[in-house]
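These notes open a run of structures that come right after.
What follows is chain A paired twice: with chain B in the first complex and chain C in the second.
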Partner chain A sequence: MKQLGFRQTNAWLHTWTGLLLGWLLYAVFLTGTLSFFHQEISFWMKPELHGSVADGSSAERAIERLQQLAPDAAQWSISLPTERNPALDVQWFAQGERVGRGGGQRLTLNAATGEPLEVRETRGGGFLYRFHFELYGMPRVTARWIVAIATMVMLVAIVSGVVTHKKIFKDFFTFRPRKGQRSWLDAHNATAVLALPFHFMITYSGLLLFMYMLMPWGVSSAYQGDMQAYFSEAGNRRGAPERGAERSAGVPVAAELTAIAPLLAQAQQQWPRGAASIQVSNPNTQRAQIELREHGGDSLIERGRGQQMRFDGVTGAPLAMPATPPTSVTNAVYNVFSSLHLIRFAGPPLRWLFFISGLLGTAMIATGLVLWVVKRLPERRKLGRTPFGHRLVEVLNVGTVAGLPLAIAAYFWANRLLPAGLAQRSDWEIRSFLIIWLLCLLHPLLRSHKRAWQEQLVAGAVLFAGLPLFSLALPHSGLPASLASGNWLLASMDLTLLASAALLAWAAYKLGCHQPAATRSPQRPPRKALASAEEVSA
Partner chain B sequence: MLMSYRFFTDLSATARYRLVILSRSLLAIGGGYLFAALSTASLALALPLPRPQAVLAATQLSFALYCAVIIWAFAAASARRAWLVTAGLCAVPAIHLLFKGALS
Partner chain C sequence: MISLSLALCISAFGSLCLGMPRHFEQVFKRKPHPWQQRTLRLLGWGLLGLAIVPAIHALGPSVGLALWASALTIGALLQGLLLTYRPGLVVPLSLLAPLLALPLLAT
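Showing the complex of A and B:
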């Protein structure tokens, strides 16, 4: 490498870091991009909820239902319907039970009637979300390390990719279609540069979300490795201990719970977006307290964390909340980065912008992977055979770039088709995804490169197009019905599925039209079709 | 390193190229991480900020430092130079930490 300049060494580094973990990064980017809409996907995957329409009295219905189900509970939690999930989720904890994640009993209610809903067992969009940083079927910590290393590699690939391009701005406005390798490079550059701030932000913030696992040495030196001391001094624990103390004091005296509607009305005055959740501790006793939480905050610096209001559960009188300390600059940097990654705060327009940027990132990785193959065709022709490494990259490219979307379509189909009573139903949905993906990785071994692309693209298009059609058979889920009632939550999912199908079909069509340039290379792979293959990510 | 020089020159060009890549990769991955880790530990103590914020700032910066060393490891004029410079870079926070007694 002695003879190479700075730009060339960066090009080399970009090529090899990009290839090494490109497929994993493609999977992380695609499933991560879908995770921007994981609640919407989950909702779509639970057709039983599609008849639930929220109105002003949903909160009261939830309280009524909890009064019937668990009047003596230690705590009730109610997630109010939102624009991203119009159902009511209630959870309650029995006396003496440890209140925390995963405990208690849960029920989903129809927001319009308060009736419990029998929802099919599914991990929904949550699976895709978890997959994008914990993969599947391996210890969580191992998987997080693998994804974190891939993320670090992504950072190196992004920085070295930028260094490589002398004329990065000019390159962005250059697209030379039907020029083989040159077109691939242009497509790779365009998708990269168009959303470069996004790619950089999402990668660096991804690392920051893992930073205490990856780089615990600052805490080691300044706090002798005592993470708890660090976090408590950094002020990350908020008001948790005092609540426990309240609960343990004395024998509860029965008292009637105050009405929720006036409290919500008070909250509504202060919070234009309204309340997201209600938490009632010690309901129907004198110690009852009601806590309302705001639906998403305004400030990125506060990580979009909503404010809270606390009331006496019997009299309805407001109670003081522990003051939130002001945020320091360093904390603010972390908060802005991590909340940009998680975008809990965002409304639909920003969410779509992130989604599209994520798809561009996915396309950037896909075009990069294809470019690696296309760039080596002359070398292969000179050699007169296909080296094993080249063939391996081809197979992995088809099985990942086209295969992963196909597997996601299979996941959605499994959600629709598996019987509701099947044991381990949600596991079987995931297994369907994994089995189909595995088959997609094996399939290109048996077919020519072009055939493999074509067949997987067509299969993906058929599966995606079929999903909205299948929903027509369900009582509240059909596209005409959701469009007519203005239910954009459902309609946009169905339209996105149709758009994905159209993209895959278009890619397959272009691939079918493509005639290899016979004079230049008889066995040139179908580059035009590949050009559209990255669109698969939609 | 000097001992292996003879062995090195006897190798074929491809093998030599691969060895250089291996050497630089090791440096980038291991040396880069070492530098990032030492800098984080050192800056967490040295930054003129309240303690939790110094830790947070140092940790957030570490990935940029790591990335810079990785790129440098491949861009340096020779692998040997890359190793020496990285070792020199690591020495600064390491000495600071030794001085602070934080490495024990």
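Showing the complex of A and C:
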């Protein structure tokens, strides 16, 4: 066998790693890109919240409601409305109950009235977020390993891709439409190189996030398996002792809780972004304490961790806070990358920029997958038949590239249509997603390649376009209403759904106009064909 | 400030793509002088660097650099699409973008 040059070796590596894990990476990238907006998607998927409008006295309403529901609780927690979720979430723990993440009782309140809301059971955007690094229906650790390995391969594919496409920087601004394979390669290159800093950052930071989840051996051997000690030493919040433990025994003396509004006003003065949450321990007793937490900090090094303020719950006097330890360099690097990946810090403009970059990444993978098929068409024509492997790739391409958006649309539809009282409702939403995706993977087996693409794209377009229409029938969720009231949280979701529908419909239309190269009469000039065959080494 | 950073990136990539003979010809229908090519490239890189300033000023170094990196993507994407479909708009947009961004700064 002839020795391959450096570039050819890279081309080989790029082609085959890209193909084998491309479908998985496409799913990870698409669902991951949507996860930039997972809170917004969750909000959209709970139409019962859409009537909730936050105002200056939402916090007081939450306290009032908690006074009625659980005046003698051990602790109250209130998540204040944010621009990403305008409803109030309250949680309380009974006396003697362990104060932890899972326990307590929760309720969602209308921020405008303080009334409890009956919210449909859904995993919302959280499912897409989880799916992008844990997939579904398999042991968590296995799934994380699979995605981590795929992420590693992605990093390899990015580097080998830059080596392979040697003209990647010379062709930086080049896109030649309607030229078959040439156009696919241009599109693949452009989406790759234009967002290269983003691709590299998101892949590398993804790997760093997996590092702690999957390879804790270094830490656990140094700390003899005591991860808690590591995290508290590393200054991470997870290691902080629960405040519930501070409570000393004894009979609490009743005392009236101080008003919350002046405390919030104090916080507002120090924190331009305002407070995100309120925690009241031992409400209505002499030992009551109120703690406010800042809404997302400024620095990536601090991991967007906000400051806290603590007050005496009876007098309202400020109490001293334990000093926060400074962040070490190793932690700073990890924090910067993990925050970048999760964009904890970002306001809407930056979120949208990342979202577009993420879509470019998704398009890069999709064009790469299509390119694999297009590049092998001449070989197939010479052969006079379609080898099994090629057919398999075609089927998986349609079922993934067009099928996954279709399945996501089905997930949203299930959210709207399934009755609220259905047992395991949120599971059924996810099942609808999986069933439709499976059907999309089977459907191309029965149809010709082009037909399969067209039908799935059109079906996706119809489903996406229908969602905002269906919302018109709901009391607070219609697009005209949300536009009129300036509710951009809802309106942008509906507009994005319409844009997705338009994009899929456009792709289907373009495909309908497309004539396969074989039926086009004049061949390209031989010199050019030769030159491009040389360039296309992927 | 975010819009200014984005606008500078658009101008920068406009300048950079005109610094490449192929695209210069596409827009102006003639070959660039070597000095023109050099000037455009220098200007492009300079503007790219300059675009960091408003981003960091508005959002601090860490978030600012992240914003800058994604503004680069959008700027380059836009100019690439213009060159393909509307090459005549590359020069006007590159000149106008920072001016259009200025009124937004007030808000």
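Quick notes on this one:
What we mean here is this: the second predicted complex is superposed on the first by the 489 of 538 C-alpha atoms of A that agree within 3 Å, B and C clash if a C-alpha of one lies under 4 Å from a C-alpha of the other, contacts with A are read in each partner's own complex, and residues count from 1 in each chain.
Going forward, a residue touches a chain if its C-beta (ideal position, glycine included) is under 8 Å from a C-beta of that chain, and two chains touch if they have at least 3 such contacts.
In this text the structure is predicted, and so the values were computed from the model without any measurement.
When the two complexes are overlaid on their common chain A, residue A:W145 makes contact with neither chain B nor chain C. Ranking chain B and chain C by residues of chain A touched puts B first. In the superposition on chain A, A:Y509 makes contact with neither chain B nor chain C. Contacts of A:F175 after superposition: chain C is touched, whereas chain B is not reached. With both structures placed on the common chain, the touch criterion links A:Y204 to chain B but leaves chain C unconnected.
Contacts of A:W428 after superposition on the shared chain: neither chain B nor chain C is touched.
With both structures placed on the common chain, the touch criterion links A:N331 to chain B but leaves chain C unconnected. Shared contact residues on chain A (touching chain B in one structure, chain C in the other): none found. Across the interface of their complex, chain A is touched by residues 2, 13, 17, 20, 22-23, 59-60, 62-63, 66-67, 69-74, 76-77, 79-81, 83-84 of chain C. By the touch rule above, chain A contacts chain B in their complex via residues 1-2, 6, 9-10, 12-13, 152, 155-156, 159-160, 163, 204, 207-208, 211-212, 214-215, 217-223, 230, 233-235, 328-331, 333-334, 337. Within the complex formed with chain C, the residues of chain A that make contact are 170, 172-177, 190, 194-195, 197-198, 201, 298-301, 336, 340, 343, 345-346, 349-350, 353-354, 356-357, 360. If you check the complex, the residues on chain B that touch chain A are 20-21, 24, 36-38, 40-45, 49-60, 62-63, 66-67, 70-71, 74-75, 77-79, 97, 100, 102.
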